[in-house]
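Read through the structures below before going on.
Two complexes follow with chain A in common, the first pairing it with chain B and the second with chain C.
Coming up: the complex of A and B.
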């Protein structure tokens, strides 16, 4: 890819992200997914675990933020393809010279970044309403973990999105994919509490490595080696996801043009 | 030089029916059609619903893969070079869909300008220019959901012209517009024609094709049944006259009886609310009126006129008088 193309695509990604945010903030479901639902989860967890001390409160804040991140990616990014189809804009997006995966990358970027609001709202909830003193073990490493997690989540979302182009029924499976990842990725409690046979499943989920890096840098020991290893795993999965996504998009878009499924709802 | 070349295009839709015993049903939407459109030409594609017009446009717009044949736009193959083709084309599908209603007109245009890789500095100047061109000056910052149908259609035109494409596909662009909106829209098409854009227009409205198109192809059941200039197509029916009879509640059986008359070439019925206008094509002219009235057998009849044929009559004859 030429450097000039990269600049053009990056400009397009930013425009797609801006327009996605402008468009979505007029939809009350989005506010539910990124603010209300993670806050409900945070309130429940903070009530249930209030005897465990301030460290655990921070764990819950980060964990509920991660639930917002995952739900946002799964529901908003996935549904956005079907929404485009319903509004009749999917054909217009496919027929532009910008590759469709670049457009979806911009949409995912907007969704993942806006879902960080859920982490901030959970933080405020724990600090203001539950009175916890929330301390971050390694703020700098935490910020680095957030940035790499964003990239890992966006890349993972790019693998999911092409499935929505041709399998309209996949929407019914979204709920089934939401809670298992909360548990298997260790968002709200460590996976050590789960049966041992689930551990390999957790290891192949990029959200698990994101949770591990974020928890380690916020409430863990701040072990740099562990954090760097989690970053490495996220980057490795991102490369694999981006490769898979490029193949999937090519195949799914061709199939959609064969099956005439770009317009039909 | 040809901007568009379609050779032996065939497109089939497959649908799976049933849950346990799954059977595949095939519908041939376009069946071995060929045509060319010259650079700067306004070419009309006419046909009844389901004739294959939209399918043809979607293949040309790189949204459908053909089952057979070769389709080229500016010499580029729509399957192999789809991405390159997309830089040269713009399209509008009739109706209000295809825009982001919760965004303003300007935001819709900014978005698509970016997707078409229009330089931000260029789009800053081009968006106000296009809004003015399509008569939306001063309304660009309003949300699209508050626009009338005509305004949405005009915003579609502005969106289509953002990257200044050489070739435009307009699929029934005036459908659902009120008469004033449709007339204004036709003026926009004339302006585009004067800018030497190559335009493929599909429409139901014969007068629209007659007044705008350089050449017209009539398509029916996926086949091109005639292709010529509007005036040459009208000559297909120059030996005929059209008897128009206004009726109130005519039964299909009665229309069939008229169709069976030996001197009748084609019959079509146009619903006009409570009334129906029966159009009878016949070489006999006014002499056919008594026999037609007799077939109506005492039914309440309004105005009866005899006139020269139009492009619409040529179209009715070509597609078998079903419309």
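Coming up: the complex of A and C.
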């Protein structure tokens, strides 16, 4: 996907995001993915990790919020093209002059931004129901980390959605892909606990770098250099993901046109 | 007398046939579109990932000595995949696929029809637990050398039946609500807290402990932990009796709701719209 398209079509991106938000707000599964599930995981983690001392509450708030972000990306953004097909709007979206990936970018923007509610709801849960005093150590760096994480998650989602369409076999593993990323990205416990051979896998996952940046800025566990490095990795992976997405979208649409299977891909 | 007995036998045979056909067909209808790889993803890898996640999370806080606690808790809780999702979808499938009016149009025994929906999921769920415990032994070294395996097998079966009882009740709720995925997922995740799979029940607030006692799984998980740590069948027998009682109660409530739904839907002409 070309960066230029995001600037040229910024109005379209925002409009698609707005419509997506309006559309999805009545979907109970989405409410589950972005509010209920992260809150239940937060409750579990708050009970399970309470032996670790005071700072873990903020760690749990951020980590459980990230689980909501990933689940939303996997199930909602991952199915975003499929859903258009089911509703019969895919042909129209492909036919309009706006590049199709720009439209999916807007949809992913809405999904990822609405998923941030999961972090807020976990924050309220820990503060109001568990009575923790939660202190953000580096608020400015945290906000910066959130913004870059949003971009990294959207870009990652742009790779997942066409992959699920082109290779249906991958989508069959969708249910089994939720917890592995919670584990490998270190959302709620450090990846140092895992066997050493899994570390390179964690390093190629954008959610891992997002978790690092957000944990380090919220709990003060890392210095500025480490945070900047995590930002750099997220931006690097975003560029790679956008490049891959452009190829995948081109191939997906070409294949759909050749096979005349746009509605049945 | 002979004629009466023959008549009874015929009714019994018919009900048995209905039970078996309902069992097989509802299961096939649910999984027919699945490929083995999808089944493996849902029944083998997803449970494995859940066990790994909660075991690492728990042992991060309490150390490696507590690994067994989390592996066993989550392995038994995995039965809820079949018990909650499988059974619910088997019942709600009739609504979504438009076959409910035909079912309610037949004079078939409703109890056979209803409980038949859960039978295959009991076998499937128990198999899922065995797979999960095998993962626990292979990856986390859970030791079964002191375990009374037949008692553990009975525990798995009883816990799966009781979870399917809750699934039958949830399945009936799916006949009166469109938000079946929301309800199912929420119940599944709440069981992770309240069943004691991941948090020792005596560390929960009193109201949560009370709530745990009216749920399936709670006693099944406690029983499995006792048996694997070398406990005897006599120690867990009271737990298993309570566990099966709770499951049958939920199943019975589900059956009453199912009957009520049929009466209301026929009375209001809302069989396909409720």
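Note that the second predicted complex is superposed on the first by the 246 of 265 C-alpha atoms of A that agree within 3 Å, B and C clash if a C-alpha of one lies under 4 Å from a C-alpha of the other, contacts with A are read in each partner's own complex, and residues count from 1 in each chain.
Going forward, a residue touches a chain if its C-beta (ideal position, glycine included) is under 8 Å from a C-beta of that chain, and two chains touch if they have at least 3 such contacts.
Being a predicted model, the structure only gives us computed values, none of them experimental.
K.L.:
After aligning the two structures on chain A, examine chain B and chain C and state clash or fit.
P.N.:
They fit side by side.
K.L.:
Looking at A:22, would you say it contacts chain B, chain C, both, or neither? Reply first, second, both or neither.
P.N.:
The answer is first: A:22 touches chain B but not chain C.
K.L.:
Would you sort A:43 into first (chain B), second (chain C), both or neither based on which partner it touches?
P.N.:
In the superposition, A:43 touches chain C alone.
K.L.:
Is A:128 touching anything from chain B or chain C once the two structures are fitted on A? First, second, both or neither.
P.N.:
In the superposition, A:128 contacts neither chain B nor chain C.
K.L.:
Going by the contact rule set out at the top, does A:32 touch chain B (first), chain C (second), both, or neither?
P.N.:
second
K.L.:
In the overlaid three-chain picture, which partner chain does A:175 touch, first (chain B) or second (chain C), both, or neither?
P.N.:
second
K.L.:
Please work out whether A:183 is in contact with chain B alone, chain C alone, both, or neither, and reply first, second, both or neither.
P.N.:
second
K.L.:
Just to confirm the geometry: in the superposition, how small does the C-alpha gap between chain B and chain C get, in angstrom?
P.N.:
In this superposition, no C-alpha atom of chain B lies closer than 10 Å to one of chain C.
K.L.:
If you look only at chain A, which of its residues touch chain C in the complex?
P.N.:
28-29, 31-32, 36-37, 40-41, 43-45, 47-52, 169, 172-176, 178-180, 182-183, 188-190, 193-194
K.L.:
State the interface residues of chain B toward chain A in the complex, per the touch definition above.
P.N.:
Answer in residue numbers: 13-14, 58, 61-65, 83, 86-87, 89, 91, 93, 95, 97-103, 107, 110-112, 114-117, 120, 159.
K.L.:
Across the complex, what residues on chain C touch chain A?
P.N.:
35, 37-38, 41-42, 45-46, 49-50, 52-54, 56-62, 179, 181-182, 185-186, 189-190, 192-193, 198-199, 203-204
K.L.:
Within their complex, state which residues of chain A touch chain B.
P.N.:
Spelled out, the residues of chain A in touch with chain B are 8, 11-12, 15-16, 19, 22-23, 26-27, 87-89, 91-99, 103, 254, 257-260, 262.
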